[in-house]
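Structure first, commentary second.
Just so it is clear, A, B, C, D, E and F label the chains in written order, and each chain counts residues from 1 on its own.
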Amino acid sequence: MAKRKTKSSPAGRVPQRAPATAGDDTDITALGLPAAPLSPEMAAYFAKCEDKLGFVPNVLKAYAFDPAKLGAFVAMYNDLMLAPSGLSKLEREMIAVAVSSHNRCYYCLVAHGAAVRQLSGDPPLGELMAMNYRAARLSKRERAMLDFAVKLTAEPWQIEEEDRERLRRAGFSARDIWDIAAVAAFFNMSNRLASATDMRPNSVYHAQAR
Amino acid sequence: MAKRKTKSSPAGRVPQRAPATAGDDTDITALGLPAAPLSPEMAAYFAKCEDKLGFVPNVLKAYAFDPAKLGAFVAMYNDLMLAPSGLSKLEREMIAVAVSSHNRCYYCLVAHGAAVRQLSGDPPLGELMAMNYRAARLSKRERAMLDFAVKLTAEPWQIEEEDRERLRRAGFSARDIWDIAAVAAFFNMSNRLASATDMRPNSVYHAQAR
Amino acid sequence: MAKRKTKSSPAGRVPQRAPATAGDDTDITALGLPAAPLSPEMAAYFAKCEDKLGFVPNVLKAYAFDPAKLGAFVAMYNDLMLAPSGLSKLEREMIAVAVSSHNRCYYCLVAHGAAVRQLSGDPPLGELMAMNYRAARLSKRERAMLDFAVKLTAEPWQIEEEDRERLRRAGFSARDIWDIAAVAAFFNMSNRLASATDMRPNSVYHAQAR
Amino acid sequence: MAKRKTKSSPAGRVPQRAPATAGDDTDITALGLPAAPLSPEMAAYFAKCEDKLGFVPNVLKAYAFDPAKLGAFVAMYNDLMLAPSGLSKLEREMIAVAVSSHNRCYYCLVAHGAAVRQLSGDPPLGELMAMNYRAARLSKRERAMLDFAVKLTAEPWQIEEEDRERLRRAGFSARDIWDIAAVAAFFNMSNRLASATDMRPNSVYHAQAR
Amino acid sequence: MAKRKTKSSPAGRVPQRAPATAGDDTDITALGLPAAPLSPEMAAYFAKCEDKLGFVPNVLKAYAFDPAKLGAFVAMYNDLMLAPSGLSKLEREMIAVAVSSHNRCYYCLVAHGAAVRQLSGDPPLGELMAMNYRAARLSKRERAMLDFAVKLTAEPWQIEEEDRERLRRAGFSARDIWDIAAVAAFFNMSNRLASATDMRPNSVYHAQAR
Amino acid sequence: MAKRKTKSSPAGRVPQRAPATAGDDTDITALGLPAAPLSPEMAAYFAKCEDKLGFVPNVLKAYAFDPAKLGAFVAMYNDLMLAPSGLSKLEREMIAVAVSSHNRCYYCLVAHGAAVRQLSGDPPLGELMAMNYRAARLSKRERAMLDFAVKLTAEPWQIEEEDRERLRRAGFSARDIWDIAAVAAFFNMSNRLASATDMRPNSVYHAQAR
């Protein structure tokens, strides 16, 4: 409140700190595994990323030390997040961010927060998924979906028929329930691989779709 | 990854959702307490906010139903966050956001995340404080300060002499320790008042200093 | 059970331990900040405490290193705990103790436990608030109030409209909800400042109103 | 702070509340199991309690519906708390209260808090064990003993050789370690039986040894 | 999946590891307390165990350093687990294992898991109690009983009349509620004594009733 | 103790309960998604499972409603668990079970517990991984590996350089650290998909390699 332009701090800045993203685009993980040669298929995929996104997401570079692991990750990721589903792409990204918020995963919050901003055209929605999805103005469908995903993240041993029933009452089919569970489960995997290796997101994400 | 411009979703947007910030600037809390007339001192303070920030922070409007409460809050807030201290203003805001991240407080994360972006001139630093301060590149001083603040937030009953000793070893004086504790404690109060009343941040914060 | 007068322990006492309150009245915090001169207003307030209570509460002495901080604390405290409200003074003190019990704060449990004993004229009520408010025989109003205050303390991110609705059903107005939230929030601040500094309660509290 | 004798609340009391201990001496548990005839041995034991304590502890009356259960409980209790041990009776009672504090057990905190006050001759020590043993001024031996007991209470699956080693370094023998563990374990049982049945402590405990 | 007979691992075994149960039958606890001479009654009891079970359970050997403690433990155990009750012996063992699963107690999971397998004639039931009782196909009565026992284990301070009411609605009498509570409470004691001392189960249990 | 052949319970069994595994081999998930036709590659893989294991693991049948998802899962699983790695197959299975124990996942504990029994030739090792890996006699390497995997499971946001450093000190390479993280992360995904859908393990696992 009236706080950022006081006389005692004329510039209102502390320019001497190193930027918080220093190294994020070059030292992608704490493991320093050298990249292996890309298979032709993966080389084409990386080129497509460059073409469409303007960059290759760091998670792909992190996996690039081993072609088999990279291929398996990309296949599963693309199926889950891009293939036809009763869940929209935005809904899948909302799950990704709400799960990553519970797990406080820097990489996934940055990368998928940007996706929610972009897909929704509503930047604060990305913030809300990263901060506390319960504070967002959501439809009943969205809320039921995120409640299930976050409970599954926090206490998977407590999920029971009643939880699935709640999703059914919100209009989700058996296949939709699988997809909600699979996306939430996938980010519980990715969050942990990212945290275990201190994976850093491409710094370009931070300013996207603000 | 190459995901936001596929043929099946040409615009890459879901424009039909209501914006996530709908109502945030008008329905400031869930309690709907009518504003009381401002004292001359508070009227001048609100005018100063308008002048310097371009708006009156919603937390002030939320307290405006009762002049005594508003005055006490402003006095404590300004002393803690703006008065001279061994902690820089940025450091105090970093504590504010890291504490609010633990408590997942929408209002404080938005308002003070913007302050960290602005004071640091390094927008991703604000994101990192809101997501997981442990993933940020921090000085030892900053890390010790935030470790204490977040432990005090999560498990105040576990704070002991050893924790204070760790701050002293990082160069903090007795007075600095009070200030770290006081700022962390204050946001444990504010986070809870905001969550209890569903306080909404001014929507202007979202795009500030990105 | 028949245990405290056995032959093997004739006196039933271990007099050689130093008293648990040794130093509580002199070494008020672990920080050792020297008191600043009191403003005339605060000097009068301290005198009033001496006159009415017989002592100055240690929390005031702890804040006395900085007149601005002391003044802001006293103003907020007196407004919250003593100003007119839909909550009785006893109810506000019950919230203070139940919150402090969750946070296991020695200072606040001792000082405000004494207040509950005194205001209620029912010493065990103070014990119950400090031990487990759920075990107390409470009115529905009291129980709803404490359930909200303790949930807000433990998991502020989970508070939602349903929680406020439960308070409304128990007869609380919007203003009452603010006051419940504000008192609970305030003690989440005070508990943490006390724990961070190892603040010690005046030893006179222990025997008050037993 | 000058709060309990203001004009607006002349008497400073709310006499109309039912006492918090109403029924505690008559409705000992929520189960209402009728007492069975006492065996001669137990009748003598109850008489001894009346003689030495002035009352029969309610936990004994709670068990009195079944002579075999009563006998087994008394035998185990008396061995643990009264038989010769490397731990003093006060130390055993300190463990009892610190464990009961973690479990927030009304019955055991009241009954064994009184025992700590009585055996130590230092009433605030009883309060500190019930509130937060970490805030008490303790010897290294006492602290090590309580740290083990409370960790065993909170996270028994995490106890390992290193924890036992810490007790050995504080001077405890193998037999002492057993006794610390056994007392802590016993109160984890008693706390749960008391909570499960809403067992109420004799109201006489509240004012004992203050 | 097709994984255990691949060429690169012809035998599918790693025989060089020491068996996980090495020492379990000889080094029964980490304390190494020497056994005291057995009373005639206990000697007869040990002989009866040898006769009927083929071995003396290690928990008895662990207690054998002190005849009074051994006797008290056996008396309480046999009353709880073998005396007439509204709960079947299998139900009592199911509680024992579900509680021990929450507390992750190696000794009790092994010994009482074997009992559930044996008493039920359905080995996977023992596994399910040890892994996650919520995943088992249970009657409403069994489920209510285990929900109460595990809540009492995890959060005893949260047990209230509503929890007892749920047991009554599932058909349990006041005496049955005592027995459920007493068995759950007892294993909260035993789990902790076993974990505190690193008590090892007789290795013969592992293969029993598979 | 001497408990399973008493006169009052001659048979020592309760044969009338439905087996706990009733339906596990037919109703594989709670979603009832109909299987899609297998691709030739997957048909061959299922046949290979039948040939080598004697059955098709239920997780494969659960995924069989969608060929793309089945293929992606099998590719990732086989790479992680069967491809060359600095971790032995047994070590990878030990991680799988310890992670699944934290998450209390019935499916994975049964299926991968069997794998640990089989690969180690030491059945109790499988039990220990499922119950509490801390109670097992492990090498320093195994212990460090499991400590990292379980911390990553429980609190991924707390993993930092110090945790990776601990693995390095135990002899693990950067690539090994990736593999530990990837296996732990994968089972955090699988556990959640299994819990979300109530996936049931093939009943044949229960008796394998006992």
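In this section, a contact is a pair of C-beta atoms (placed from the backbone, for glycine too) under 8 Å apart; a residue touches a chain by one contact, two chains touch by 3 or more.
Remember, it's a predicted structure, so these values are computed and weren't measured experimentally.
Common neighbours of chain A and chain C under the contact rule above are B, E. Each of C-D and A-E has its own count of C-beta contacts, and the greater count is at C-D.
For the pair chain D and chain E, the fraction of shared interface numbers is greater than half, so the two copies use mostly the same residues to meet.
When every chain is reduced to the mean of its CA atoms, the largest separation from chain F belongs to C.
Superposing chain B on chain D by their CA atoms means rotating through 120 degrees, a value rounded to the nearest 5. Compared with chain E, the chain whose C-alpha mean position is the greatest distance off is B. Centroids of chain D and chain F (each the mean of its C-alpha atoms) stand 43 Å apart.
In terms of their C-alpha centroids, the spacing between chain E and chain F amounts to 23 Å.
In whole angstrom, the spacing between the mean C-alpha positions of chain B and chain C is 26. Spacing of chain B relative to chain E, judged by their CA centroids, is 50 angstrom.
For chain D, the set of residues that touch two or more other chains comprises 104-105, 132, 157, 160, 198. Because contacts link the chains in a way that matches no line, ring, star or complete pattern, their graph is best described as other. The chain pairs satisfying the stated touch condition come to A-B, A-C, A-E, A-F, B-C, B-D, B-F, C-D, C-E, D-E, D-F, E-F. On the side of chain A, the complex with chain F involves touching residues 30-33, 65, 68-69, 71-73, 75-76, 79, 83, 103-105, 148, 152-153, 156-157, 159-161, 164, 174-175, 177-178, 180-182, 184-186, 188-193, 195-198.
Taken in their complex, chain A has these residues touching chain C: 132, 134. Across the complex, chain F meets chain B through its residues 157-158, 160. Contact residues on chain D toward chain C in their complex (touch as defined above): 1-6, 8-9, 12-15, 17-23, 45, 48-49, 52-53, 57, 59-60, 74, 77-78, 81-82, 84, 88-90, 101, 104-106, 109-110, 115, 118-125, 127-128, 130-132, 135-137, 198, 203, 206-207, 210.
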